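The two complexes that follow have chain A in common; it is paired with chain B in the first and with chain C in the second.
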Partner chain A sequence: MNLELRKIEIKDVVFGEETGLKEGVLTVCKQDIIDELMEDVNVKSIKVDIAKPGEKTRIIPVKDVIQPRIKVEGKGNGFPGVTSEMVQLGSGKVNVLDGVAVVTIGDIVGFQEGVIDMWGEGAKWTPFSKTLNIVVDIEPVDGLDPHTHEATVRVAGLKAAELIGKAGKEAEASIVDKYEMDDIFTETGKYPDLPKVAYVEMLISQGLLHDGYIYGVNSQKILPTLIHPNEELDGAVISGNCVAACDKITTYQHQNNSAILDLYKRHGKDINFVGVILTPELTTLEGKFRTCDYTAKLCRTLGVDGVVVSEEGYGNPDSDLLMICKRLEDSGIKTVLITDECSGWDGMSQPLADTTPEAVAVVSTGNVSHVVELEPADKVIGSAEAIATLAGGWEGCLQEDGSMVCELNAVIGATSEIGYHNLTVELY
Partner chain B sequence: MEQDFVIVTNNPQVGKDLGKVELVDGSFEDVLIKVRDLVHQGHQLISHPIGASMRMLFSPYRSVLVGAERTQIKEVYSLTIESGIDTFRRSTANRNVDYVNADDYARIDLELLKEAIKEHGIIQREKIQEVQ
Partner chain C sequence: MSYKVLYYVNQFFGQVGGEDKAGMAPVMKDEKVGPALGFDQLMGEEAEVVGTIICGDNYFNENNEEAVKFIIDAVSEKNPDLVVAGPAFNAGRYGMACAGVAKVVADELNIPVITGMYGENPGLEIARTKSLVVETNDSAAGMKDALAKMADLAKKMLKGEKLGYPEDEGYFAQGKRLTVFSDKRGSERAVEMLLARFKGEEFKSELPMPVFDRVAPAAAIKDLSKAKIALVTTGGIVPNGNPDRIQSASAQKWGKYNIAGKDSLEGEFYTIHGGYDPVYANELPDRVAPLDMLRKFQKEGLIGEVYEYFYTTTGTGTSVGNAITFGKEIGKELKEAGVDAAILTST
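Presenting the complex of A and B:
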């Protein structure tokens, strides 16, 4: 497969009469977005706003973040299997509105967190404080069941990103990133002496607000599956999860999966990157045993020497992460885990909900319990109730000057377990 | 087919229409302790005792599936529930239970429970077919 991601640098976003792009300034017609999204009979109202880096603006509760794009050569505009007809993704040329994100908000349940602060201390912790955010607030019609509500909000965000992405159709790219990878046998023929490495990406797959989608298929319904890395970079994987704010993998992060991009950079140099295995994190123990066995079997079938595994979420997925690790290491496959940790306010507690002695190479993407202070915002896009939930975490976390103390787990993308975030690690 | 599971729960929205219910008059932690007792008596631990995100640990409610009959004490079940209790205590030591959103937590717990029952059902049917 041969994919070009052509990055168009966007310097500013403004509202205007017509959606378009001129000299790096993206003009968005608010009414076009509203009209498009209101076509869904389940949508009662749509509000659209803009939040820019440095503004004292808080966005909460964030459902998903999506990168607007348009395919200018090849098939597969939008999100095939969800917003457009099914085609094979992973090839062609895509114009990317670089520096812009569509951020969807809206309460599905009252305890959603997912905060993005565009300024100050909060901005340090989320990668989406540095993007020009087009915020789409989706209110559903009354009486909608929660599954339909979730689906309505999820699909509305994708449609908005697709619509805005069209503005980049004729634009010139400032950076063109090429991703080319043939079948495993051809690549191994090219690099016979390099160690073969697969990437296992785990997805929360446990039901309402805890789902991921591959070409529109709920990952709860699949056995672990092999996917070409280009397919994910081209929009095949979509987030349906909105309770694990700090470590949910947003659709934007799937489109720009850092683990894939880093493995690609080393492909043909010191490794032979053979592909991505998407693995569901199920809720029953028997289900976990099955998917972990199956994941290890796929890795053995590919004949890999090493595997990088990334987790999504915290808690019961820790068991899957370590079971996969044990099975791979027992098979003689060297395994590196990427996960965040819940190691208390002081960072001294046991970091994961489970352990195994085979987990000898683990990259931490941050402590979800780390406490940060968020000062009051001048402008809030979203829900005051969500802020009240955030401010009610423990006695005294709402301070006299109106600032709040919260744990990183409330901040979108703060401890991204695929490494798409602002933190770094130090090797001791 | 007779249901082979019991729902251990403190969630008032969980009805008997879903299966046999062991209602715990207590907290999330009390549910986990009840599950631990059953596992130590030889009941299978069918669904994982804790959720997939920090936020679900602040829930007032939790539902867990265990086997209906005593079969055998298995190390993996004992370790999973013991580490689940440990994780719960560590993760919530500084946190308030989020009672303000109790109804929403009850609803999501119920939805996730239904998914766990479905997932368990699929696996059980596969096992029966294997035997046949």
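Presenting the complex of A and C:
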């Protein structure tokens, strides 16, 4: 497959009469977005706002983050299987509005949505304080059942990103990243002496607000599956979940999966990157045995020498992570795990819910219960009070002056287990 | 400004006597005795040892309550900025006493403590979580070196400076896992770690695997038909409105609610748990905390009775430290209420 991600540097985002792009400034027509999203009978109202890096703005409760793009050569605009017709992804040329993100907010469906601070202390903890955020506030019609509510806001966010992405159609890219990888046999012929490496990306698959989707298929319904890295970079995998905000993989992070990108950088130089295995995290013991055995089997079938495994969420999926690790190491496959940890407010508790001696190489992306203090914002997009009910917040954690104390749990992308952010844990 | 330091030693280093004096009750000396003198000199202008507590090792371990009371009173009176105990090297009873001092001073008085021990000292396990424990030689021959390291760290602690890594500074890790920023993102570190493994180079896992404790199951109940059964859940089932504001993740508390006379939790309870699909639990909370089934068994005579309170918290993201505390508190209540067994449901 041959994919070009053509990055168009966006310097600023403004509202205007017509959505378009000129000299690095993206103009967004609010009404266009409202009209498009109001076509869904389940949407009652839409509000659109902008939050820029450095502004004293807080966005809460955040559901998903999506990168606006448009495919300018080849098939597969939008998100095939979800918002557009099914096509094979992974090839072609894509114009990316680099530096812009669509951020969806709205009524809380569950407890797992999060916060983005665009400035100060809070900005350090989330990767999405550095993007120009177009915030879409989605209010559903009254009486919608929770499952439909979740699907409505999920799809609305994707559609908004698709619409905004169209502004980049004619634009010139400042950076063109090329991702080229042939079938495994050809690549191995080219690099016979390099160690073969697969990436296992675990996806939370547990029900409402806890599912990933692959070409629109709920990951709950699949056996672990092999996918070309280009397919994920091209939008085949989206987030349908709000696991604790700190370690959910947002759609933006699937589109720019850091583990895939960092493995790609070494492909043909230090390693032979053979592919991505998407593995559902199921809740039943039988399901865990099936998916972990199957994942290890796929890795053995590919004949890999090493694997990077990333988790999504924490708690019972810790078992899946370590079961996969044990099976791989027992097969002689060198394995590196990426996970976050639940060490408590004081950092003194054991970090994982399970343990195995085979897990000798683990990257920690932070303690989800690490407590941070966030200053009062000049402007809150959404509802500041939502923090009291979110995972990572509690009743009374929002102070009268608008400052708040919360766990990293509530901060979008803080402890990203695909290693998208730069936190780690040190033992003292 | 000069900081105040209070020193703790045993009968031997307090120059009272050897094993024959190990039963001596604690005394407070206003001067610097034994290692306190050397430590004071090393601290120079920055701090002064304002007193030395001397206590027999046997006394501390055998009359713990009295010894602890003495320590609390003496430390409160002197109100030091830092308490130094030992170093105890590989002396077991002395090490346990230093650990005891560290525990009470840190927990009750919230004053920092430094001590020193050999890696096999039995006092280390407790001491390292309550104080900064400098790694020492196994005998008093290492006194000079131990005091120098303790004084260096004491200066940093008193001035509120960030300590370096345990292995660089020569103290035992306290087990505190601190979240910090790295100069590389996680995925890059993962790929580099894998490459190091391929090349057979050294690498450092960022998360050493935890060691779990094991709980032995209680003896089986002989006659269930007479047993009092309690219902306990980590599934976040609470009365509608969540009156006690239990967190949806990373719980800091638990709740108990009266269920006497109720056949089911339906309608009055719901879940605030942030880790699973709440739709089905909200339809019928008994799916998570099965009061309905317990009542059925009670009516059939399979079990004797259902305890009138049910206990609940949120399991997702809750630290093991908190879970241990909750478990002990809830267990104590159940024990006192004469409960024979508990059904503990997770999600």
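As a convention for this text, the second predicted complex is superposed on the first by the 399 of 428 C-alpha atoms of A that agree within 3 Å, B and C clash if a C-alpha of one lies under 4 Å from a C-alpha of the other, contacts with A are read in each partner's own complex, and residues count from 1 in each chain.
Simple rule for what comes next: contacts are C-beta pairs under 8 Å (C-beta built on N, C-alpha and C of every residue); 3 or more make two chains touch, one makes a residue touch a chain.
Since this is a predicted model, take the numbers as computed values, not measurements.
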Given the superposition on chain A, are chain B and chain C in a clash or a fit? clash
Please determine whether it is chain B or chain C that touches the greater number of chain A residues. C
Touch test for A:V368: chain B only (first), chain C only (second), both, or neither? both
Of the two partner chains, chain B (first) and chain C (second), which one does A:N218 touch, if any: first, second, both, or neither? neither
Between chain B (first) and chain C (second), which does A:E286 come into contact with in this model arrangement: first, second, both, or neither? first
Could you look at A:E395 and tell me whether it touches chain B, chain C, both or neither (first, second, both, neither)? both
Looking at A:P317 after the superposition, I want to know if it touches chain B, chain C, both of them or none. Which is it: first, second, both, neither? first
Contacts for A:Q206 in the overlay, against chain B (first) and chain C (second): which applies, first, second, both or neither? both
Could you say whether A:A245 touches chain B, chain C, both of them, or neither, answering first, second, both or neither? first
With the two complexes superposed on chain A, say which partner A:Q88 touches: chain B (first), chain C (second), both, or neither. neither
After fitting the two complexes on their shared chain A, where does chain C collide with chain B, if the options are 167-175, 203-211 or 239-247? 239-247
Where on chain A do the contacts with chain B and the contacts with chain C coincide? 110-112, 146-147, 206-210, 244, 283, 313-315, 342, 344-345, 349-350, 368-369, 389, 392-395, 407, 409
Could you pull out which chain B residues touch chain A in their complex? 45-59, 65, 76-77, 80, 83-84, 86-87, 90-91, 93-96, 98, 100-101, 104-105, 107-108, 111-112, 114-116, 119-120, 123
Residues of chain C touching chain A in the complex: 129, 163, 165-166, 173-191, 193-195, 197-198, 203, 205-212, 245, 247-250, 252, 272-279, 315-322
Spell out the part of chain A that touches chain C in their complex, as residue ranges. 110-112, 124, 145-147, 195, 197, 206-210, 244, 258-259, 261-263, 265-266, 270-271, 283, 305-306, 308, 310, 313-315, 334, 336-339, 341-352, 355-357, 359-370, 389-396, 407-409, 416-428
Per the contact definition, I'd like the list of chain A residues that touch chain B in the complex. 109-113, 146-147, 204, 206-210, 220, 243-248, 281-288, 290, 312-317, 319, 342, 344-345, 349-350, 353-354, 368-369, 388-389, 392-395, 407, 409
